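The first chain written gets the first letter, and so on, giving A, B, C and D; residue counts start at 1 in each chain.
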Amino acid sequence: MMKREIPLLITFLTGLLMVVQFFVPHRPIGQIGTGVLSWYTIIAGFTLLLGIDSLVGMHLKKLQRKQSGWGYSIMLILGLLLALGLGIFSEIKYGSALAFGSPFMYLYTYMMVPLQATMFSLLAFFIASAAYRAFRARTLEASLLLVAAMIVMLGRVPLGAAIWGKFPILAEWIMTVPNAAATRGILIGVALGGLAMSLRILLGIERTYLS
Amino acid sequence: MNWLAKLEKIDRRWIFLGVALVVAAPLLLGLKTSVDITPPVKNTYEAIDRLPPGSVVMVSIDYDASTMPENQPMLLAVLRHAFQKNLKIILMGHWPLGLPVGTLGLDQVAREMHKTYGVDYVNLGFRPGTAAVMVNLGTEIRNVFPSDYKGVPLDSLEMVKNVHNYNDIRLLVGIEAGDTYEFWIIYVQARFGLKMAMGTTAVMAPTAYKYLQSGQLVGLIGGLKGAAEYESLIAHPGIGLAGMPAQSAGHLLIILFIILGNIGYFLSRRKKA
Amino acid sequence: MQNYSRLRSGFRKAQQLALNNHHFKNQGLRALLLFAWLALLASTSSAALAPPEDIKAFDTPNDAGGSNTITWKASPDDSLLLGYSVKRNAKPEGPFEEAGVVLKGQEEFQDAGLTDGQKYYYRVDARVLGDSASSAVAGPAVPSAQWFNLGRVNILAFIMLFAGVVLWYIARAKKGAKLFIRRIAGLDAVEEAVGRSTEMGRPLMFIPGLLSIDDVTTLAALTILGRVARKAAEYDTPVLVPCTDPLVMTTAQEIVKQSYSEAGRPDAYREGNISYLTYDQFGYAAGCDGMMLREKPGAVFLQGYFYAESLILAETGHSIGAIQIAGTTAVDQLPFFVTACDYTLIGEEMYAASSYLTREPIMLGTLKGEDLIKLLIVLALTVGVVLETFGKHWIQALFQ
Amino acid sequence: MTVVGIWIAAFLTLAIFSFLYKDNPVYKFAEHLYVGVSAGYYVIYVWSTDIRPLLFNPFVQTHAQTGSWGASLSQNAALFIPAVLGVVMLLRAFPKIAWVSRWPISFMVGIGAGLAITADVQGYLFPQVQATLVPLWVRGSLFTTFNNVLLFVGVVGSVGYFYFSREHKGFLGGLSKIGILFIMVAFGASFGYTVMARISLLIGRIHFLFADWLHLIR
């Protein structure tokens, strides 16, 4: 009862409330949405600690058992402590960890930024290798994928326009007509599927999350 | 014919090497290309160019590190142009993590062009609250930013002594990576009539275009290409212009690999048949 | 943009909500000021300016109160104007104070921040530089809050229709009606993927995407995880689930544990296999990549909502020779999964997966209901385009 | 400090790139450091941008205005609900009472599902349907007519592809075949469209290495 029925009831009631507040502008119902969202953000914030617990626990275990690569686990934990330490120090000294010139922002600028940006830029390589491998004219479908990709690629750079002046126009047409049509079809499906899924969740039919 | 069939299965590391080379080489060699100047960028340029020396321009940093490759070149080009025309810059931002990247760019250009802090430019920093911040700046900047990003009171800074609200600012340039620019238009352009131009990522540019058509924006710089155009207008090539040959080469290389792969595929298929 | 920061998703949702509030949207976008007409205006200052006509002021419909709407017919001199200034006062005789300014060409203004139940009178001035022409006074308008947003009747009707159809099919399915479902290639491959991994003595890897459990796509992904884990338990193959969201992690632990006990192997469950990496988008991608390279999974499942990291994961998965089964409702990322993975569940196929995998009549019932609605939509589209061709916008109006 | 920072950044950049050749100790080092630092980073970030402003500042502000903690606590009493739910969530770490955490989880799932119901209809379904309602014959413009017809066929075809409860044979088979062709063109096109932005990212990184670190270019 406490473990299954009450949670299902909570899901149903909060879900229903979110639907009702969409249709009722009158105070206080219409204002519930905004308030509840900030509650949501607060609760989600707490859960990060669960993550840290799992991450540290796993790597401490690795260390204890001297599993292969335990040296890297030390790095990971040191990195975590470094970020937390600088963050707390900056909070106290500067009033906010995100204050300009704080050690925490130094960590952000010279560690987080290059790491994020470099991981992100790996996509330039992967998009090339994926294109090379997958764009083979094996079937009609694959050929369409290939041709559309090539035209749009050429239409996007000055070089394409230099080869054939119509490439940018053709690329634009593909984006606004066939691309828009298919995207629309997929989105209609996604909306209906999402609607059905949400309905199943509210009604307690879909309850995997409470396994 | 055997080596041709191998084209079907090139080790992807050769592809990686190829991409690295075609992108790095043009940058290193400083290859020059010309870009066509499009009206939205030209208009932004002219909006700044026409301002009398000493006018105050506000620059808003509404992006962070993740879109730096696209946004930073715009910021640098606009700042260079403004300083060249002896305009005064007020920098601020609405993204909590945008300030470090914005400050980086401002300090770099100021050093390059021998500008003095507090006289030629001021960095206000970041305050949370987007729309509320925007509206409050309309009455008195000091209500939101009593001091600059380092805590120096505004009244002790020569340049902003007589700057109180949007009436004292001639143009806003927003460098944007999200929907903050729409807030600028709704809350400031509409209410206070401040003239504004935006530099957005390439993905956002088509959406932002409608504000250009409606006259709410005087100019628009879109993506790395837009930055390249601006650099070409101020005749100060930077990462934008340098990036254009690398872009074309990168695209060409990918297409080349696709073609090679297909040649390999057809040859090996014929062999089997 | 591609690098969507999830921390901002709360803000985006709030914005979505705000946009739902009628007055917010219109007032902001329409209240515009123009600047560049000085030259034109100088030339017109001699002629008498025509004021706007036909002023109407009324309570803004479908709102939370505190707002009036003012409409008018543009001044004949509209093209010469700077804009209109809407003025308000509690008494018809004035003095009027400015409530807001809108661009020329506009014929509507919403005045917010008022007190419910109080009377307000309005006047609209056509403005040029240094001159203006005032309209007649309209009113009183009394703002009030409404209990139902009439502008959303069609949405409510659609949701009721949808729920009705789905519930009806569920009821029918419960009574034992046979329901067919078409083959979904990616799902048929699940068994193959698990089997092959087992043969090769390699683990499975399941990556549940970037979002949290408030996202329905993620919940659909977790349902799929349940089925995959069940198969894996039967074959005694470990399932690795690296997570970027702590809630998804704990939920996934429960689900996998449950699947192992259903398969009669509760002892084989290892909680440490379902772990948290980091909340950072690309840090997560780096961690998953590292895990793939070192654990060498025989099959990789990429199910959930993904952003730009999709291709980083899928290309690395391919490089280690794993069978990859992807699925997402993120339309932007589908092209990358389709090119780099062996199978991809496209959009709605992912939602259908839970019905497909369980084959429970209730689940199939909802799918049947969705299909009927799809049929109705296609019908509406067909009738709609024909009507549009003849210049009738009836169907268009239904979806306003 | 800046010079040291740039060297750290350059090292990390190269360490991540080394992954393209193969897995190696340097990448492993950078990867573990990245996961650790970013996990800690987000705890501080969320504290600084979510928990402090949303949960703590309201109490502090009311106290500053009224001068009384009692008034501050009672005026912001509603905030105890998310605070308690947040703490309950943490009980997940203790197996015996872990089940209590289902309550806040249900709350969050409920919000998500509830919002999705109206948002799916208002934000996706209706606008997409509306945008598809175009006239099939546009006087004077054969090209627009052609585009409109193509758009209609493409939308109906791709919706048809997602029809699950019937075998894809006959008319439905043809329709879904048309749908999948459109979908393939769309996927190819968006793939091609993204290439430019991805190369821009690499240009950014390489420029950092050459200009900020090595000073080879200006």
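Assume a residue touches a chain if its C-beta (ideal position, glycine included) is under 8 Å from a C-beta of that chain, and two chains touch if they have at least 3 such contacts.
None of the values given here were measured: they were computed from a predicted structure.
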Which number of steps is the smallest that gets you from chain A over to chain B via touching chains?
1
Among all chains, whose Cα centre is located farthest from the one for chain A?
B
Selected pair, greater C-beta contact count between A-C and B-D:
A-C
Chain centre separation in whole Å, for chain D relative to chain B (CA means):
23
Cα centroid separation between chain A and chain C, in whole Å?
14
Report the inter-centroid distance (CA atoms only) between chain A and chain D in whole Å.
3
Hey, how far is the Cα centre of chain B from the one of chain C, in Å?
28
What residues in chain C touch two or more of the other chains?
2-3, 10, 13, 20, 152, 155, 159, 212-214, 216, 219, 247, 250-251, 276-280, 282-283, 286, 294, 334, 336, 338-339, 346-348, 352, 367, 370, 374, 377
Numbers and ranges of chain B residues touching at least 2 other chains:
12, 16, 19-20, 23, 66, 68-69, 96, 201, 203, 247, 250-251, 254
Give me the residues of chain D that touch two or more other chains.
16, 19-20, 28, 30-32, 34-39, 41-42, 45-46, 49-50, 89, 92, 105, 108-109, 111-113, 115-118, 121-122, 125, 129, 132, 152, 155-156, 159, 162, 183, 186-188, 190-191, 194-197, 199, 201-202, 204-205
Footprint of chain B on chain D - complex, ascending:
20-21, 49, 53, 195-197, 199-207, 210-211, 216-217
Parts of chain B lying in touch with chain D, wherever the complex brings them together:
13, 16, 19-20, 23-24, 27-28, 30, 68-70, 72, 96, 128, 201-203, 223-224, 239, 242-243, 246-247, 250-251, 254
For chain A, which residues count as touching chain C in their complex?
19, 22-27, 30-31, 33-34, 37-38, 40-41, 44, 47-52, 54-55, 58, 61, 69, 112, 115-116, 119-120, 122-123, 126-127, 129-131, 133-135, 145, 183, 186-190, 192-201, 205-206, 208-211
Using the touch rule from the top, collect the residues of chain D that touch chain A in their complex.
1, 4-6, 8-10, 12-13, 16-17, 19-20, 28-51, 54-55, 78-79, 81-83, 85-87, 89-90, 92-93, 99, 102-118, 120-122, 124-125, 128-129, 131-132, 147, 150-159, 161-162, 179-196, 198-199, 201-202, 204-205, 208
Touching residues of chain C toward chain D in the complex: what are they?
2, 7, 10, 13, 16, 20, 152, 154-155, 158-159, 179-182, 184, 212-216, 219, 247, 250-251, 276-280, 282-283, 286-287, 289-290, 293-294, 332, 334-336, 338-339, 346-349, 352, 364, 367-368, 370-371, 374-375, 377-378, 380-382, 384-386, 388-389, 391, 393, 395-396, 399-400
